[in-house]
Amino acid sequence: MGNKLRRNLFQQIEPTAWPHRGLSPLNWLLVVVILLATVSAILETEPLLARHHAAGFRVAELIFCAVFVAEYATRFWTIAESPSKHHIWRKRAGFVFSLAGMIDLLVIVATFSTLLVGNVAALRLLRLLRIVRLAKLGRMSLAMRRLQQAVVSRRYELGLTMGLALGLLILGASALYFIEGELQPEKFGSIPRALWWAVITMTTIGYGDVYPITVLGKIVAAFVAIAGIGLIAMPTGILAAAFSDAMQEEHEFED
Amino acid sequence: MGNKLRRNLFQQIEPTAWPHRGLSPLNWLLVVVILLATVSAILETEPLLARHHAAGFRVAELIFCAVFVAEYATRFWTIAESPSKHHIWRKRAGFVFSLAGMIDLLVIVATFSTLLVGNVAALRLLRLLRIVRLAKLGRMSLAMRRLQQAVVSRRYELGLTMGLALGLLILGASALYFIEGELQPEKFGSIPRALWWAVITMTTIGYGDVYPITVLGKIVAAFVAIAGIGLIAMPTGILAAAFSDAMQEEHEFED
Amino acid sequence: MGNKLRRNLFQQIEPTAWPHRGLSPLNWLLVVVILLATVSAILETEPLLARHHAAGFRVAELIFCAVFVAEYATRFWTIAESPSKHHIWRKRAGFVFSLAGMIDLLVIVATFSTLLVGNVAALRLLRLLRIVRLAKLGRMSLAMRRLQQAVVSRRYELGLTMGLALGLLILGASALYFIEGELQPEKFGSIPRALWWAVITMTTIGYGDVYPITVLGKIVAAFVAIAGIGLIAMPTGILAAAFSDAMQEEHEFED
Amino acid sequence: MGNKLRRNLFQQIEPTAWPHRGLSPLNWLLVVVILLATVSAILETEPLLARHHAAGFRVAELIFCAVFVAEYATRFWTIAESPSKHHIWRKRAGFVFSLAGMIDLLVIVATFSTLLVGNVAALRLLRLLRIVRLAKLGRMSLAMRRLQQAVVSRRYELGLTMGLALGLLILGASALYFIEGELQPEKFGSIPRALWWAVITMTTIGYGDVYPITVLGKIVAAFVAIAGIGLIAMPTGILAAAFSDAMQEEHEFED
């Protein structure tokens, strides 16, 4: 009877073992808890909220921690049902020392430490690791593999356009350093400083903290800006096309 | 004779019943009135205009209101001509309780209330709902269905790239919170605050109200910016391709 | 003999009559003069340049004017060689009252007026009309027709995505008007004022002259920004794909 | 025996002579040294670093210089193994006077001069030329040729869309010059000044140093912004598609 419960729980908790389409109810619940825990960890860093709702955040953390411990224990217990032929304790060791298992454990330890020693900054970041676990779920890991394949299949186009973009970045930063380096030493007084301007300009963000003020500087900046949008947008376009193609092939095989 | 008028009016007012290509003259007129009413509702919020042209806006609203009441009454009367086999009053109840019918009624009530109790802010927003009605017209509703299909057919690519973009958003905001949280507490003093910076940076808007000022912060921001444009632009590219494909298939079936 | 010169000149000056590939030497010369005249008209508006080089600009204008008069006279004389069967003076009248002919004449009159009555602002703009004439040249006019076809062939996708973008624009502006209208009356005090913010945000320009300062305003702005880049970028992607397809078909027919 | 060493070295140093896939170990080493030398040249311009680590930068430059001299000597010696039938000294002269050979020599002379006469600004720029050499490596030069072909194959689309973008740029700048030229003379007081605004707006950078402040100026700027993103993004999309197609054909031939 214990074995039957264990088998059912394994199907519920292990996405690849779920015999139906999509995610099991238990995994949907875990997705919701992970998202809530992430939102809670983000909101808790806000002093205005943390001050007035300290008790609430503490209770929420306790509940999340309990869920994650229960999940870890369930995985540890039910991994015995996995189809591999290894000994049951070998499977359990395999889970504990897998990347997923160690992230799970790290998150639990980080959450516990928060409850004991208080909300240290570094522990907060560790708790945000939970969100990484969502990447393991079902279709997403397939889409991720496709994305990797898309990157690999277009590595020369991507390499070239990124290389050209990097070259333009350095060229633009060097030009502005020569032209406005003495006029605005805080902003263009060295190539590394000018690179900040070049990145913020070529990505078209344009905060407005740094911009050329001489006529020549503006002319050069205009050329960098126009050439830049092409060079920055091209890898994106190539990647989107490759990724879209790779996913379409997948759909075709499916039908 | 009354039935003939009713049939003609039904063909004029119901886009799907119009036997010719495109929109009927009456529907073109209604499109123009809806657009004018929307522009009028927008302009009326401007104090400089509202003060000097209060009477003009009042008259315009009265005319728009009359048109919408007349339209509602016509629809209520002519729906009897619809091809369904239900009883005539069943059809009319169907129209009154349909989403389109309720929006029409809401808009009329909101416009009347404005004329009676004065221009309350919430009523203004209700009057803007009129523009939603344009979506029902002929080809547009088909294009809308195609857009929905395009979103559904690429849900995994969209989900993954949006998930990655969200992950980068949280990662970038957390990094800047750790690096500049103490230096610029108003801007990076918590992850939610830093998220505002991350969104405005990754969408390449870059207002310039928040930006990193330390060397490390700038280096991290540069990486977030470069990775971000790719991750934000990818879902857009995928969606545009899918939408374009879906519409092309439509054109093929048509020929 | 006069007829032979006229025939040769006609082939030189009329792009469609040129029997060889590309543009005739005379047309290349005219392209260069038009570009120089445009650059000169642009630079002349700069007070720092206009003050010190007034004589130079005057001489340049005189030369450009002479060239355009000579060109106009040549076209008027040689149009007689055009293959249409109309009477010679009918052809000339056709040239004078064509759009191209009237732009040519307008530009000449504007240039002369500048030389006589001084550099009035409105005349400057007229002189910039010269650049429009480049659109008539050879392949360009074909590419322009293809671009028009591309716009027409995807009019429903373009209409829908532009409509959605417009809807989001109005929705976002209305939301910010409700949220920050009283806090920043100069910037969000009416929907038309908030629309300036919405356009500059959704096009990702982000000057930084207007941005939300409340928490709720920032949350809404973040959603508008993320949804906006998709909706603004989609018509562009659709148009680029359609235009690229249309030009490719052209290349295929050519081979 | 000397010939055998020379043949091996030639295969190591000349990417096209390497009989295996990818780059030879020696070329990988040179790539790393070039990247390190570039980073070093960039960082050395930063006063805060240069002051405290002057000796370190000097030693690094010495090492990079020695590597580049050794590489140049090796190329000069081993070029004799190249498959062409010319006399051995003819081949060497060919290398010395090739573009690649002259860049190599220029970089060495610039590095030496830096060590002798001190870090003059112009010499720094020359040292950055090293990065250009990466473009010669293996697949990259093929991808570069494909990019050139993509540009050539779509020259009419690119020409037209760039021409339209340029026209809109001039039109937008002229309009703002007429509307706000007197109100903001420093920013819109001439068409060249207004062009700076137009470029920074149409590339969606939007530093925020220049923006319209009148209602009419904002309305015109909104239209320029919306039309501009389409016109600027279209050449990019066309180029990305053409480049992607050209590279795919390459992959097909390969299989």
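Letters are used for the chains, namely A, B, C and D, taken in the order the chains are written, and counting of residues starts over at 1 for each.
By our rule, contacts are C-beta pairs under 8 Å (C-beta built on N, C-alpha and C of every residue); 3 or more make two chains touch, one makes a residue touch a chain.
The structure presented is a predicted model; accordingly, all values stated were derived computationally and were not measured.
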- List the interface residue numbers of subunit A and of subunit B, divide the shared ones by all numbers used, and answer same when the ratio is over half, different when under half. different
- Item | Angle (degrees, nearest 5) of the CA superposition of subunit C onto subunit D | 90
- Message: I need the pair from C-D, A-C or B-D whose contacts repeat those of A-D. Over half of the residue-number contact pairs should coincide.
- Response: C-D
- Note on the structure: Greatest Cα-centre separation from subunit D belongs to chain B
- Task: Between subunit B and subunit C, tell me the centre distance in angstrom, where each centre is the average of that chain's C-alpha atoms.
- Result: 31
- Task: Please work out the Cα centroid separation of subunit B and subunit D, and write it as a whole number of Å.
- Result: 44
- Query: What are the residue numbers in subunit D that touch two or more other chains?
  - Reply: 195, 204-208, 233, 236-237, 241
- In the complex of these two chains, what residues of subunit B are touching subunit A? 153-154, 156-157, 159-161, 163, 167, 170-171, 174, 177-178, 189-193, 195, 201, 204-208, 211, 218, 222, 225-226, 228-230, 233-234, 236-238, 241-242
- Message: For the complex, give me every residue of subunit D touching subunit B.
- Response: 204-208
- Message: Going by the contact rule set out above, which residues of subunit A touch subunit B in the complex?
- Response: 38, 42-43, 45-47, 121, 124-125, 128, 131-132, 134-135, 139-140, 142-144, 147, 195-196, 199-200, 203-209, 232-233, 235-237, 239-241, 243-244, 247, 251
